[in-house]
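Please find the structures below.
Next, two complexes with subunit A in common: one pairs it with subunit B, the other with subunit C.
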Partner chain A sequence: MNSMISNLFSRYQLTHMLILALLLVVVLPLSMDIFRLNLVGKYLTYSFVAIGLVLCWGYGGILSLGQGVFFGLGGYCMAMFLKLEASTPEATAIQSTPGIPDFMDWNQLTELPWFWQPFHSFGFTLLAIIAVPAIFALIVAVAMFKRRVGGVYFAIITQAVAAILTILIIGQQGFTGGVNGITDLRTLHGWDIRTDSAKYVLYFVCVALLFGCLFAAKYVINSKLGRLLVAMREREDRVRFSGYDVSAFKIFIFCLAAVFSAIGGAMFTLQVGFMSPSFVGIVPSIEMVIFCAVGGRLSVLGAVYGALLVNFAKTTFSESFPELWLFAMGALFIGVVMAFPNGLAGVWSSQVEPRIKALFNKPGRTTPAATNSTSAPAATPAESFNPEEPSHARG
Partner chain B sequence: MILKSRHYDSPKGARRSFLRKMLAIPAALALAHASLPALADDANTTGLAVTKDTVKVGILHSVTGTMAISETGSVQAEKLAIEQINAMGGVLGRKIEYIQEDGASDWPTFAEKAKKLLVNDKTAAVFGCWTSASRKAVLPVFEQYNGMLYYPTFYEGLEQSPNVIYTGQEATQQIIEGIDWVVKNKGAKKFFLLGSDYIWPRTSNKIARKHIEKLGLSVVGEEYYPLGHTQFNSVINKIKLKKPDVVYAIVVGGSNVAFYKQLKAAGIDMTKEHPLVFTISVTEDEILGIGGENIEGAYAAMKYFQSLPNDNNKAFVDAFKAKYGNDIVIGDVTQAAYLGPWLWKAAVEKAGSFDIDKVRAASPGIELTTAPEGYVRIHENHHLWSKTRIGRAKADGQYEVVYESKDLIEPNPFPAGYQ
Partner chain C sequence: MFADYTSSELLSIFAMQGFAGLILFSVFVLMALGLAIIFGQMGVINMAHGEFMILGAYMTYLTSHVFENYLPASIYGMYFFIAMVIAFFAAGALGALVEWAMIRHLYKRPLDTLLATWGLSLILQQLYRTIFGTREVGVTLPDWLMGSYALSDSIEVPINGLFVMALTVVVTVGVWLMMQKSRLGKQTRAVVQNRPMAAAVGINTAKVDRLTFALGCGIAGIAGSAFTMIGSTGPTSGQLYIVDTFLVVVFGGASSLLGTVASAFTISQAQSTMEFFLSGSMAKVLTLLVVVGILMLRPQGLFSLKMRK
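The block that comes next holds the complex of A and B.
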């Protein structure tokens, strides 16, 4: 087991993971009150989406501008389970039809529609959070990639999907809660998710799931699949001519990104206490791409930091300058993307890391020849192929 | 010797006085702490952001995003009211300081900011929200952390929270009086209902339909269009075919501009009142976008119009224009937002305390004789008793008030027989 991990992850990658873990598990919970920590938990749910985008866009070269769809699907599945639990006949006695969610009552529905029935079961809900977005992503991806639709066309189609789903949710308000979304969620199996202690628990669950996704993403990147993804991004035809079924890999990575997003969405619902169509549309989907771009689209850890930083900035700016904060955000995006095309992770690996390495390596320089000569040949093939550097700019 | 002893003494003395100072600081702090609650004891027992001479409140509206255009008026009105209250000496001798947060036209942001205002800033009251969606998003937050929200917009009803005071009208107040008037005075028999597709227009039209049918009259059509819809030609054709006496329109936001322009372009002259166009969703703010000449002759039922001829309103409009410029228009919601701080002040003073529970207990029965709309009183159900007026749109973008209900209309958020 240990050797497997060390095979998969270099020591540097593990150190970076450890630093992030220390930050999220120790530093932030100790230095923040629960209100702020809950906000961090919310930001982290976006980083699930950003990690998915690193795989799909950064490595696979598939730019999806509709990740909000999957975030929303996961969130809505969780929200409906919680809403059904909150809508007991006693709690909704004031309605014309007690026992159904309030928004259904407002829209003159008199019974729970059949497709929401299974969401009474927590087990089914957990399954649905993964399965619904995965199947939906599979349908979209098969339809597109099997026909070799890619690049800008694929991005446009994902936007259309986001727009369609938003219109569907808003239009079918009797079934979905419309513009208002699904609000006033209270308990999970009788456990009040609104209390401070529950928020601590949910935060740590969120961090744990995040690391699950991080490890899964790293595993994919460091595996042969990761290499193939980069190869596809750079020269799709060559990979195809080498006998690989390119579309199968694209479909897989797109579905994986969708599942990550959905987990984020479900955790969002739990921590924030509601879900609304404002996460499904085009604008939030593009915002999520920005988190990824600011963090660095080739680094899964960068994606986490990107989501955290952008949302921290958003909260801070908007609290300090309620009428001007959008300009500050715009400046931040433009500044980062212009100055550092590879995002924060790019700055780290090109500016900060070499200096740290230099600092640590200096004392050890006394016998460099022996160690270098043995390790160098083994390292060469891997190092000469550097997935962190896309060979040409992509439109 | 003396010199020497002094020489010995001084560092010791210095140290002692330093020590004494060190001791004195916490002592003074403790005293200050002890004295503050002693002074503020009754006024604030739950740790709200109230000091001896200030009290913090929150303003939570969208000042960015699509809703900014609608909500800006409310922000301005709330700030004006706070400024006027402070000029009069504040509330219980404390000046109001406001913390403004931006909901950014995004419901989750509203929830986040509401929580910040309650948990972090411990504000004694929050004036805010506009759309029902934003209110629904913050409602659980206000109920969980026991805050008090003053909500200004006319809305669909079906809600009554102990943590919200609804300063706008709920649907029955706006609708029933209006329909009665148009039936009685214009002899209307056939109605065509239409609206934007979300909960407020749908619930409002449901109430309208039930009332129309109760009166033994008929609804010849009911149509909904998504928010932001701009192609109303098909519904205008349907209106022409069905020949209703009244087109009852609850279109909101930007769609209004398209709807009224296309109605006019299709040859329906609203000033001829055949069909008569009746709305509950177009205030003076919306007319700015629609253009007065495009809606001239339409009727609206609301509780407030800028042109209301009374002294309170004149003073209010003058103060508003003095602060924000002569060209500004004031709609129904803006006026309702202006009531928020005043109603809160009255309740706090009646309770003698900023405590939310005491303010809540004191709220029912609070009356405001200085309201620009005339007179309002808080009902046990946290909505306002208010009059309903009917205005006729003029080409200059103002309404001419043609009718005012004789009595205050009781708010009834859960109307029996209308659900």
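The block that comes next holds the complex of A and C.
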């Protein structure tokens, strides 16, 4: 096991992982009250999406503007289970039809729709959180990538999918809770998720899952698949001519990103206590892209920091200067794209790190973009060219 | 769903909804024309296109305000034509500025243009909110645009709708002629087809890029101007249309103006006809779903140029 890890990650990368782990597991829980820590947990759920985007956008060159869809699907699956548990016949005795969720009663529904039925089971719910977004992503990806649609067309189609799902959720309020979403979630198997102790537990579960996703993402990036993704991003035709089935790799990475987002969505529902279409649509989806871009589109750890920082900034700014926030957000989009295409991770590895090294005067290890490189001592072909300006979209 | 209506009622429903669809079609076409030029010809995704449109709408609002308060009432009826010219040049000038400051650095990174222009759209929205307030503003229509024209007992067509449609036809024909006949149009097409060769024969490709982008934004300004005729304008009105418009352009086949017009017609008619029988949101969901479905089967869109890549 130990040797496997050291094969996968250099000591250097492990150090970065450990720093993040220390920050999330020790420093933040000790220095913050539960309200703030719960907020951090909420921000961390976005970093699941950002990690997925690093894989499919940063490495694969597939920009999806519809990751909110998968975040939402995961979140809604979880919310449906919790809502059913909260709507026991005893708790909803005052409704004209007891035993169904309150918003269904308000919309004159008299029985539970068929697609809500299986969500009585927790096992099914856990399966659905992974399977529903994955199958949905599979359908979209197969349809698009098998026909070699990519680049900006894919971005626009995913954006349209996000728009469709939002309108559908809002329009069908009897089945989905409409614009308010599914609210008033209380217990998970009788365990009250609104108490402080539950929030602590959920926060640590979230961090654990996050590290699971981080390791999975690192594993993919350092595997042969990761190299192929970079090669496809740069010269898709040459990879195809070399005999690889390009679309299969794209489909896989898109589905993996969708599953990460869905896990994030489910944890979001648990920690925040509701799910609504305002986390599904076009605007949240594109904001999730900016979390990833700020952190660095080629760095999974950067994505986590990006999601945390942008959301902290958003909360702080929009509390005190709501007008300035949109200006700042807009400037952030433009600035990151024009000046720092590799985000914070890029700035770190090109500016900060060399200085730290000079300070300690450690010999060796001066490759730029070291945060992203594998443990191999020499740069592999995929990384030997400058990842500074990935030329993703073609076609 | 047709059983509750008599056949003559159905006819007038289809006629009225068809006409409502035609107005939606006009707005789609005007917005999509600018996008088709920018996206289809240059390959640049301009997510701030809706905000350029709204700039045109606000310019029209300001012009009407000036005419209403500072100029004699007799010439108020003329304000729209002047407003349209102002809207075109204001949006075009902003477009040229944006191209110079931002877009030209990103031509090799189309996905990044998308993010950067999204940022621009956020800034513009907040700017409009700061200047014009969050409330939607509307213009007073001049007398000659008021009222409606009765075709039969049950079918009436509003005159402002007719005017917007006529305007759409004029602008579309104008853009088409310009792309086919004018010097800039020919240069644009040359640059799109083969940039190095176009540069080799002496076309200033950077200048053509800037003018094309400015032109696309200018047409969005005109679209905004026309938009004030049929609805009120708020800081976020542009965003409501941007996804639809992109779908219109992609559905039509990105580099074909004819395709853009045809797909705008299909989408708007489908939506407004279904709106009568279903709820508005379901009509929209179904329309978008069908469009996305067709795009999955035929990614190049309805009309596509046969071109070697």
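Note that in this section the second predicted complex is superposed on the first by the 344 of 395 C-alpha atoms of A that agree within 3 Å, B and C clash if a C-alpha of one lies under 4 Å from a C-alpha of the other, contacts with A are read in each partner's own complex, and residues count from 1 in each chain.
Methods note: a contact is a pair of C-beta atoms (placed from the backbone, for glycine too) under 8 Å apart; a residue touches a chain by one contact, two chains touch by 3 or more.
Values in this document were obtained by computation on a predicted structure and should not be read as measured data.
Enquirer: Which partner does A:G330 contact after superposing on A: first (subunit B), second (subunit C), both, neither?
Expert: In the superposition, A:G330 contacts subunit C only.
Enquirer: Under the stated touch criterion, name the partner, subunit B or subunit C, that contacts more residues in subunit A.
Expert: For subunit A, the partner with the higher number of touched residues is C.
Enquirer: Figure out whether A:S278 sits in contact with subunit B (first) or subunit C (second), or with both, or with neither.
Expert: First partner only.
Enquirer: Look at A:A293 in the shared chain and tell me whether it touches subunit B only, subunit C only, both, or neither; answer first, second, both or neither.
Expert: Second partner only, subunit C.
Enquirer: Is A:A339 touching the first partner subunit B, the second partner subunit C, both, or neither of them?
Expert: The answer is neither, since A:A339 touches no partner chain.
Enquirer: Touch test for A:G151: subunit B only (first), subunit C only (second), both, or neither?
Expert: second
Enquirer: Quick one: is A:L359 in contact with subunit B, with subunit C, with both, or with neither? Answer first, second, both or neither.
Expert: neither
Enquirer: Figure out whether A:I167 sits in contact with subunit B (first) or subunit C (second), or with both, or with neither.
Expert: So A:I167 meets both subunit B and subunit C here.
Enquirer: For subunit A, which residues belong to both interfaces, subunit B and subunit C?
Expert: In subunit A, residues 167, 170-171, 323, 326 are touched by subunit B and also by subunit C.
Enquirer: Which residues of subunit B touch subunit A in their complex?
Expert: So the residues of subunit B in touch with subunit A come to 63-64, 100-102, 104, 106-109, 111-113, 115-116, 119-120, 131-133, 136-137, 139-140, 144, 156, 158, 197-199, 202-203, 206, 226-227, 414, 419.
Enquirer: Using the touch rule from the top, collect the residues of subunit C that touch subunit A in their complex.
Expert: 39, 43, 45, 102, 105-106, 108-112, 114-116, 118-123, 125-126, 129-130, 243, 246-247, 250, 279, 281-282, 284-285, 288-289, 291-292, 295-297, 299, 309
Enquirer: Write out the stretch or stretches of subunit A touching subunit B in their complex.
Expert: The touching residues are 35, 39, 42, 94, 96, 103, 106-108, 167, 170-171, 173, 178-181, 183-186, 194, 272-274, 276, 278-279, 315, 318-319, 322-323, 325-326.
Enquirer: In the complex formed with subunit C, which residues of subunit A make contact?
Expert: The contact residues of subunit A facing subunit C are 57, 61, 63, 65, 143-144, 147-149, 151-153, 155-157, 159-161, 163-164, 167-168, 170-171, 282, 286, 289-290, 293, 323, 326-327, 329-334, 336-338, 341, 389, 391-393, 395.
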